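Heads up, the next two complexes both have subunit A, just with different partners, subunit B and then subunit C.
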Partner chain A sequence: MKRYQFNEITTMQYIFLISGTQIGIGILSLPAQLADIANTDGWIAIVIGWIISIIASTIIIKTMEKHQQDTIFDLSRRYFGRTFGTFIHIAFVAYALLASITVVFTAIHITQVWILPNTPNYLIMMLFMLPGFFITKNGVRILGRYAEVVFYLTLWMPILIAVPLQKGTILHMLPMLKEGWAPIIQAVKTTVLSFLGFELAFVFYPFLKEKKHAVKAMVIANSISALTFLLITITCFIFFSPDETPLLIWPTLSLLKTIEFPFIERFEVIFLSFYLFVMSTTGIPYIFTTVFGISQLIGKKDHTIVLLVAVCIFIFTSFLYNPSFFHVQTLGSWWEKYGLWGAYFFPIGLFIYTSIARWFQRGKKK
Partner chain B sequence: MKKCIYAILCFFITTGCGMKTQLDELTLALTVGLDEGKNGNLLIYSISPVFNKEAKNIYEVIRTVGMTPRDGRSKANAFASGKIVGGKAQNIIVSKTLAKKHDMFSYLDVFYRDPKNSTTANFIVFDGPLKDLMYVRLNDKPRLSVAIRDVILTAHVSKQTTKINMLDFRRLSLDRAQTSFAPILKVHKGDLIAGGIALFNEQRKYVGSLLQKESPYFAILKKNVKPATSLTFQTKKQKEYVSISVEHGDFSYKPSFRNGAFHFDVRMKLGVIVTESTTYIDMKKEKKKVEKWLAKEIQKQLESVVKKIQKYEVDPVGFGLYARAYEYKQFQKQKSWPKAFAKAKIDIHPTVEIISYGVLQ
Partner chain C sequence: MMNGIQQTVTHSLDMNEQTLRDYFTKTPDLIYCHLFIGEPKKRALLIYLNTLVDKNSINNNIIDPLLFETKQIHTIADIQLPIGSKSYTTKWEHVIQRVFQGETALFLDGDDHVLLLDTQGWPQRAIAEPQIESSLKGSHQGFIETCEKNIALIRRYLPHQQLKIEETTVGRRGHTPVALLYLEDVAHPEVLQELKDRIEQVDVDTIVNTGELMQYIEDNPFSPFPQFLLTERPDAAVSNLLQGRIVIVVDRSPSVMIGPMTFITFFQTVDDYSTRWMIASFLRLLRLLAFFMAIFLPSAYIAALSFHYEIIPLNLLLTVGESRERVPLPPILEAILMELALEMLREAGLRLPAPIGQTVGIVGGVVIGQAAVEAGIVSNIMVVIVSLTAIASFIIPNPDMSESIRLLRFPMMIAASLFGLVGMVIGFMLIIGHLISLESLGTPAGSPFAPTRLRDWKDTLLRFPLWMMRTRPLSARPTQLTRQKKFRK
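So, the complex of A and B:
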């Protein structure tokens, strides 16, 4: 029996949904963080992070495979019993909530700094929440379609990012392995976190139509993200000197400031306005996971009411609270700490636990 | 009900309209000038176009005294005809006296920190007090801001000076392996003249300049020969000249570290076209000889340019990039690259190939 028959998504949509979640706000500051730790060798850390994230996401799929109709919320109760299962359920919802709060507030902060300095943050929040509400309300299928549309809509953006390449010099990248492997290994901690987003496979896997392509889809999704990260990071390294990149907060956006056409100036404003689409594909899946998890927790099948309450809370909060840049950074670091556990250690633990549990059950039957 | 909701939603789209600004209510600072005033104060000039049919002048110059550029802008708002906006700046000009005394970054910070400011504005050093430039009357030229930009651009294309925008200036200054430079602008008998290159040291202070006639060689060292770098040489016989235009070049910079100093082996192959010759040269017979002679002349000039920048302890060419890329360990040991560069030994070996000598024999 299929529980989510009316909400199934194709493999393509699944890929774009996952990679859309991965590419979000992190990419705007990633080159600076990498340059700070590993100088211009930081890109090697991305490749290593890419391999690790593929391993982690394969483990997630292998765990979910045994019960194809279960999301993480069902799975936790199936294996851990009522009390402990609910605890994991709540922990995962809390994680998704933290992620969505971080993404939404960071997006608002960036919009205010770069595009709309005079617009109050609650108005921007309302504008963000409107499409967020309509997409989340209609469930995973619409989410998948939206992610796909956004992917095609934003295909032109990487090409533009590569424009400053011709002004830079490849000499910045040499020599490779300047200081040996130690700083690169250190930087891997940053890069694995920029791949956060694949852990939502815990929620979206049951909606996938063709389960046999699941691992392949995860690999492709991670590769799309890795390619994007590599392109942007290497462009930043080639364009800015290794001494300058760590001094910028959002090197990706500073990079765009250099693009100049005879007919248009401050190109980053247009780019960033489009980039809001990309950021929305990060925020909306997390909002969906939060709302979906809460409604399952209280035993409601339809998540519209929970969503409505959540959106109202979001808007209400933005009336009272406008986070400073410092707060946004703190939120981000919390998410990263939590994410390291939620997306890397938790799946591995879960995989081992479920394998042992199943092995014991099989033993009993015999 | 649903229609009603959509109608209400439409109003959200208009949220931006409350904060609109009208173009003719703004004072768009197209050129910003910084100069040192009396008692060490900062003089800030801004040139903005006037969009008013009744105004006699097509642009207005505002002069204020302040601590910093942003401070000056706030003060200038008191008597500008509209709110001053810096996002459209085309030129940022500093006077030589100011550049000599102060770290440029402390004055330029606002242009980088505030994302609303454009970082693609040209950075220019002005030789002389800035008021000479600001109140110059050019009757045969467009608005002053446009004229300045055009003069710099034209001079840059013909390699009489160079061009650098604000962002590149910052990029080069912050890179430990190179130092920045800027074009020089002068006013001579009521005319704008761009020529020569101002050199900045690691502390972003003006230390010296390259002359206008050295600029093309600087361009060659920077591998920037296209489109056509024109050079003129005097032959051994007095008052005879040969002009060539360098069309393309292959460059190789090989760094090495020997006996406590960096060595650079610079090789370049230049393809040139002979564009003018006041004396008769038998090109068929003497091609090899002429090529050798040209190479030697170019080498002499390039070496003198390199000596000059070594004397000032600056590295605008970016030799440090090669040193860092190929001699990383030694490069990292240097406390200050420009100081190490001043001691470096640089061998330049240009070879010249005459591609064509025009339509005359």
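So, the complex of A and C:
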């Protein structure tokens, strides 16, 4: 029996949902981090990170494939029993919660710094929670459609980012591999984390209508993200030079400062306002995962009430706490630390464990 | 059902007449016509509502042949009259309902069957070009207030046995006849059943207009967007029928309702298909641009002036500053004042008779114009922006959609005045979030964008050449997808 029959998403929606989650706040600072570690060769690390994330997401799909109607929450209980399964359930919810907190607070911080310096953060939080609530409330199907529309609406943005390319110096990219492979391997850790988001396949896979395309969809989603990362990183390197890039906090936004039109100035303000769309497709899936996980934990089918409580807590928190840039960065690094376990080591472990468990079960039956 | 009256007609003519007289009190337009028909003479009673019938037809086709009847009449079935549409009943309920619809009932003494004859004829206007939806190249016939005529107008386009019509009535007091038209081999049975169920559920006094029925059966009553298309054009109705949608004709109302609709269908007109595709595509894009302008232009002005004046280039900023120099109002008040003035003008012009309507135009030119600027109430730029918004909202071909856009402008202006561009983007997010979760008869209104149906994109932002439109849009869930294989034999 299909459990999520009325909430199914198409392959395309699934692709955009995953890649939308991947492309978010990380991309704003990625070029700086890469240039810091690997200088001109940072982009090679993206390619390697892309391959690794594809492998990891394929492992996730392979794990989920055996029980097509199970989310990670059902799966953990199925394999690990009640106590330990609940522990994993809570751990995953906590991970999604951390991710949503990071995304929301980073978005607020960026908005305050770049667009609305005088608006108190709790007002911005209330504003952000409005679409957050209404879109999350409607479930995975609407999330998928939202990711689709946002993808179409933001197609112009990468093209615009590439505009400064023509003013850049391509020589900045050379020499290749000037310090050998060591810094690249170091940078891979950073790039691998910018691909975070595919681990939500643990939750969204059961909603996918055509399961046979799942692996292909993951590859495409990761490739869309990789292309975007590559485009922005290379543009930054060519335009600013890899030596200047690490000095900028948000090189991607600084890139936009250089774009000028005769009829409009300070284009990055408009761009960044619109970039809220991109950030929303990162934040909303995580918020959904958190809320969905909690409501499954307490045995509620409808997640609206949990969502309402979560939104209220978010708004309430913002009254008391306005993270500084340092705090936002710390949050981000926590997410990344947790994400390395949640999205890479955990799926591999789970895959090995489930394979062995099944192998044993089969042995018993014989 | 009827209070104090027995359910079925009796054999006695006198008793039947008494029942009728008890029921129809203070109904001076109900005519009781006593006749003696056949050889030997037999008593008969003809009743009809004088106001709802075609008197010529009654005199020539009923009374005249009955008076000169020479045969012996045993039962009511022996009576032969030159009227094609007739039926028999023994139930009072039917008799009364039909008489109220303009039919004539014939009672014969000694028979408990009643002959109901179609003699409808009431005041109706001639078929004319619809005023709110005029067209350059399409037909110049519009629907009128009679269900039958409207169905006739549609049938003229589709002389095909698959065009099915299902009739029902809505309203306890009004008994408004409602007809569902669809192509049986194209329309999806689930959608049809859903629509039928919803209409059946409606339990109200009466439906005066199609718009009322629409509000009773729509998916989301809390949406600013229309979920059914109302049109007065038969060609538009037929074009939608062919796409697998269902047309609902409501008697007494000149507009028919069409569903299920998607968001983008409100930007299509029948003219699009009879113009060449490049021009039609250009018009489509123009309308979409107008959609965004009508919603976002005043709020963009407010956001730019109150939050982000740095995005305006210096030269323009100086001009704006100069023109706003004498204006005492903050941008949001200035904008709301002008937008409200515009809405009032439009509403005033709508209801006024044409001769006085001209005055509105002249007065409007003063309020939204140079005089307002010279008085120092508003700036030049604001006047330009208000006028642009007005033009933009006029371009939207569907009046319902145009109205929802006009309404959405105001919350958007408030959001922009509170949060600048961020407020606008969040507003846009909310609109998108709402549109993608909106449904019309259970089909997504965001189609073909969300969910993506690339095949349907041929008739959205651009209107592809007709020979490329081989399939019907998936959004209406047609059961027969292929419209035509090639356009040549």
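Definition applied: the second predicted complex is superposed on the first by the 366 of 366 C-alpha atoms of A that agree within 3 Å, B and C clash if a C-alpha of one lies under 4 Å from a C-alpha of the other, contacts with A are read in each partner's own complex, and residues count from 1 in each chain.
The criterion applied here is as follows: contacts are C-beta pairs under 8 Å (C-beta built on N, C-alpha and C of every residue); 3 or more make two chains touch, one makes a residue touch a chain.
Owing to the predicted nature of the structure, the values given are computational and were not obtained by experimental measurement.
J.: Touch test for A:L127: subunit B only (first), subunit C only (second), both, or neither?
T.: Both subunit B and subunit C are touched by A:L127.
J.: Just to be sure I read the superposition right, which of the two partners does A:T111 touch: subunit B = first, subunit C = second, or both, or neither?
T.: In the superposed model, A:T111 contacts subunit C only, not subunit B.
J.: Determine, under the contact definition given at the top, whether A:N222 touches first (subunit B), second (subunit C), both, or neither.
T.: A:N222: touches no partner chain.
J.: Could you look at A:F277 and tell me whether it touches subunit B, subunit C, both or neither (first, second, both, neither)?
T.: second
J.: Output check: A:E244 vs subunit B and subunit C. Expected answer is one of first, second, both, neither. What do you get?
T.: Touch status of A:E244: first partner only.
J.: Between subunit B (first) and subunit C (second), which, if any, makes contact with A:T354: first, second, both or neither?
T.: After superposing on A, A:T354 lies clear of both subunit B and subunit C.
J.: Check the residue A:L174 against both partner chains and state whether it touches subunit B (first), subunit C (second), both, or neither.
T.: In the superposition, A:L174 contacts subunit B only.
J.: For A:P262 in the superposed arrangement: first (subunit B), second (subunit C), both or neither?
T.: The answer is second: A:P262 touches subunit C but not subunit B.
J.: Need the overlap of the two footprints on subunit A, from subunit B and from subunit C, as residue ranges.
T.: In subunit A, residues 116, 119, 123, 127, 130, 265-266 are touched by subunit B and also by subunit C.
J.: Quick check: in the complex, which residue numbers of subunit A touch subunit B?
T.: Result: residues 113-114, 116-119, 123, 126-127, 130, 167, 169, 171-172, 174-175, 178, 239-244, 247, 253-254, 257-258, 260, 265-266, 268 of subunit A touch subunit B.
J.: So in the complex, the part of subunit A that touches subunit C is made up of which residues?
T.: The touching residues are 10, 12-13, 111, 115-116, 119, 123-124, 127-128, 130-131, 134-135, 138, 142, 144-146, 148-150, 152-153, 262-267, 269-270, 273-274, 276-277, 280.
J.: Residues of subunit C touching subunit A in their complex?
T.: Residue positions touching the partner: 307-308, 310-314, 316, 418-426, 429-430, 432-434, 436-437, 444, 446, 449-452.
J.: Over in the complex, which subunit B residues touch subunit A? Could you list them?
T.: Where subunit B meets subunit A, its residues are 9, 12, 15-16, 19, 87-88, 115-116, 118-120, 167-168, 170-172, 174-178, 318, 321-322, 324-326, 328.
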